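The data blocks that follow each hold one structure.
Here chain A shows up in two complexes: once beside chain B, once beside chain C.
And now, the complex of A and B:
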């Protein structure tokens, strides 16, 4: 990926870029978003993750300015977005359907937003060319949108937004229409692109692996509420509740009591020891609750597993939850 | 054919070949469309052929002389009266289609973008005036535009004019107004359909890229609805050139159009060949004008980029 021209790349900082404070969006009695609060830092690759209908797209559209909160406040780069229409916000969006203008060719699509800036002809051409290089679409400038493949259309949508040099790039499930192989390739490319341009990316997705693979931080949402905001590792290893744990991939849930532990062992096993010493669950690839972690930490658990035990280990090995440790009911 | 003549052993082969021919896709396709094709041939192509044939013949009092002549076309193209009538017809139909499209567009836009759940109700309401006869609607414009009409008495009552204006009725503007109203729904529908087909996220994308409501309309919505504008313009333009009821009722002597002359040739003047030549000339010129209109709108669409 060639280097972008902007010399001053805002690296990831602690400065908040987007602040969402107690935002609620209701349609009649239905709350699409319920009292959500969130801070996204400058230069961060942030994902909104959740099942369909959890309010993640609603939140993204409110950041972009296509929808307004019923109550609460959204600010971008320290400036309140209240009453500011979409066309005057420092954000740009990559739509799920890509929304490529069918009556324009690739170059005209990418230059669409620049026209309003009334740049010099050569400067406009240079920026369009640069954006096409960034998304590896050189040489296709004269093609019509209808003559492009899904992956190419997505790159056009990306170039069209990046050429505006927004403070925040919003991506609404940009990879969901691509096949698996292309999707995985684009995940890597998107991440690299974000690192290169240093723009804050906000990605909406329902794909756990996508979110875990690409993001600096993830907000997991359910039913209009934000359940957890943390790094991918933390969310995977230490989900705050059963819902989050379940949504993020295979998980063995136990009704068990922790018999013996040092803190580190429980953490590595993905168990959250609560105050009452009840364990909640562990990931399949972790050996089991009473296994020793390479670090030497250990935990012993007595209890019963809910349903089938999922194992991430091939070819047998130690059972995940020893029968002799689980109660016989 | 030769195979059958040669004897029975090869006879089977021709039958096989014939069967293969009957089962081939092009033949089956032609067989499938043949009833409707014949119907279209009889009802659409034959009348035009009859008209074209007549235009090369001569009226000889009560009989028709079937020797080929271009005399009718000479008259149709050189007589000042027919030339003037033709130009006026083209001018009126151009104006009518222009005003119809300009007035229909906002209505179609409103229904498509702001109609919400009541889109079909709005479309239904638009068709209500068309439940009455076309003649009645033309007559009611006489009531509105007439000497003692609604408009004149309204303006008199407001003190804007001192005596009733005679400029409202019995001229080409009256024809334009009446036809514009009469054809409104035929322009609203195609424009509505083309607006419905526009992906709304395209408008959002335009806003996202910095366009206000007017710019996004001019750069995205309007160019993408060009097919609807083209069909609306053609649907209105082509039949209005040949309209003769409206000019007869509200046009006066200033509003006479080519179709009135054609009607006179086929009726009172009883010169069918000349009427046919006038028809064919009008048809050709309307075709040219329709083509030119399509080109102009397409060029305008490209300019919007």
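And now, the complex of A and C:
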């Protein structure tokens, strides 16, 4: 994707862009979102990951202004969003269905939001052109939405949102309708685009590989609650509980105890909790469930595997469940 | 499957289809044929070609009055039933509420109710209310029977209207009214026009309700019915009938084209499900 001609935007900073404070959304007695708190930083590529019905889309729609929290507060760029309708929020959205206006052509779709700003004709044209370049759709401006492929429609939806220069771009499962090959290509392009424009991206997805591949940070959600917020690496290697570990896939679950050789606190690289010294699982590509003492003293994991053990290591022999450790990590 | 194919090959099915079409349209074809026949009685052999029956039409004041009345009634009924149809179709396709299906069935019911019963009941109610019979009462009756058609056309246009289109418009900064003007209206305009045409056509051809609910003013079908008592007026009626037929056919064709275009527009959107 060519580098956008527009001015450089602020890179990722520590400044909070979106703040979610104790947000709950109830429908009768059902809580779609239950006391969620979250801070998304400026310029961050943030993913809300979870199975369907976990509340991730509800949260995204509340940030966009299509839904309102039953209680709690959402602020964008330091400004409370309470009582501010969707059309006056500094956010733009890429819809799951893309929601391309079928009675308008590509250019008219992209210019839709700009019309409200009453720009000079040449300025409007320039910004539309710029947005089409950003999403590699140059030359298709006169096409009707009905004449576009799924991938092209998605690019139109992206351009239509980006042309507004929002503070936050919200993406609701944008890749779910694409075939596998196109999806992988778009993952790379979306990530590159985000880094080029420097806008905060919030992505909703149920695809753990997508989230792991694209995000700076991920919030894993289950049943309306946020289970863990961390970097992809942290989430994969140190899931906070069995549910998160299982959702990310490929975890071997064990019932094992960490035996400390010298009585000091020790931790292991597998699934926590570390406090009660129960090892719970390990990833296929690891040699096994191991324990490590902070000081380098030896510790052992003793236990039994729950079922079949998946191993991602080639030629490394059977994964170990019992392993003495000194300081080889 | 093979039995079916053999049956088709035997020609029975095509014979049946041919006869069906003949019975359906032969009488209709006679109408324009006799309307240009120079003899005053409609029978073969044809005696000669003439357009005089058509030329006489504009010289009949009663007919012009009836045509004008039909136009007024048709326009009023089609606009009224389309407006009511839009409200109903929008509510039925857009919202989920208890009794939605029941309400839908009730609105569609006049489609299967015997028209003469509807006409008599309406007449009783109108007389009870103390209203005097006029073109206005015909409009009321026509709205009642037009709404099911209007609903059918409009529901097809509204259904599959992706709600996220309106959300996308709001998301891009447009107000509720702006969204209606820039997205909703252009998307459903073909269905609305199609509904207007269908209702106008129905009102134009409708006889029973107009007959019961009219005061002293006649609509075209009532005028035609009155003329049938005089044998000498028959060729003029045939000419008028031919014109009505052509107009109905034309309007319905336009309506159907627009309805399909509307359905294609709304249903094609979304991309992933299309």
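Assume the second predicted complex is superposed on the first by the 291 of 329 C-alpha atoms of A that agree within 3 Å, B and C clash if a C-alpha of one lies under 4 Å from a C-alpha of the other, contacts with A are read in each partner's own complex, and residues count from 1 in each chain.
Criterion: a residue touches a chain if its C-beta (ideal position, glycine included) is under 8 Å from a C-beta of that chain, and two chains touch if they have at least 3 such contacts.
Note that this is a predicted model, so its numbers are computed, not measured.
If you put the two complexes together on chain A, you find that chain B and chain C bump into each other. In the superposed model, C is the one of chain B and chain C that contacts more residues of chain A. In the superposition on chain A, A:119 makes contact with neither chain B nor chain C. Judged by the touch definition given at the top, the superposed model places A:103 against both chain B and chain C. In the superposed model, A:182 makes contact with neither chain B nor chain C. In the superposition on chain A, contact is made by A:66 with both chain B and chain C. Once chain A of one complex is fitted onto chain A of the other, the partner contacts of A:92 extend to both chain B and chain C. In the three-chain superposition model, chain A touches both chain B and chain C at residues 64-66, 85-88, 91-93, 95, 97, 99, 101-103, 112-113, 116-117, 160-161, 164.
Put simply, chain A touches chain B in their complex at residues 64-66, 85-88, 91-93, 95, 97, 99, 101-104, 108, 112-113, 116-117, 160-161, 164.
Interface residues of chain B, counted against chain A in their complex, comprise 199, 201-202, 204-212, 215-216, 219-220, 223-224, 301, 305.
Those residues of chain A whose C-beta lies close enough to touch chain C in the complex are 64-66, 85-88, 91-93, 95-103, 112-113, 116-117, 145-146, 148, 150, 153-154, 160-161, 164, 176-177. Contact residues of chain C toward chain A in the complex are 162, 164-165, 167-175, 178, 182-183, 186-187, 265-266, 268-273.
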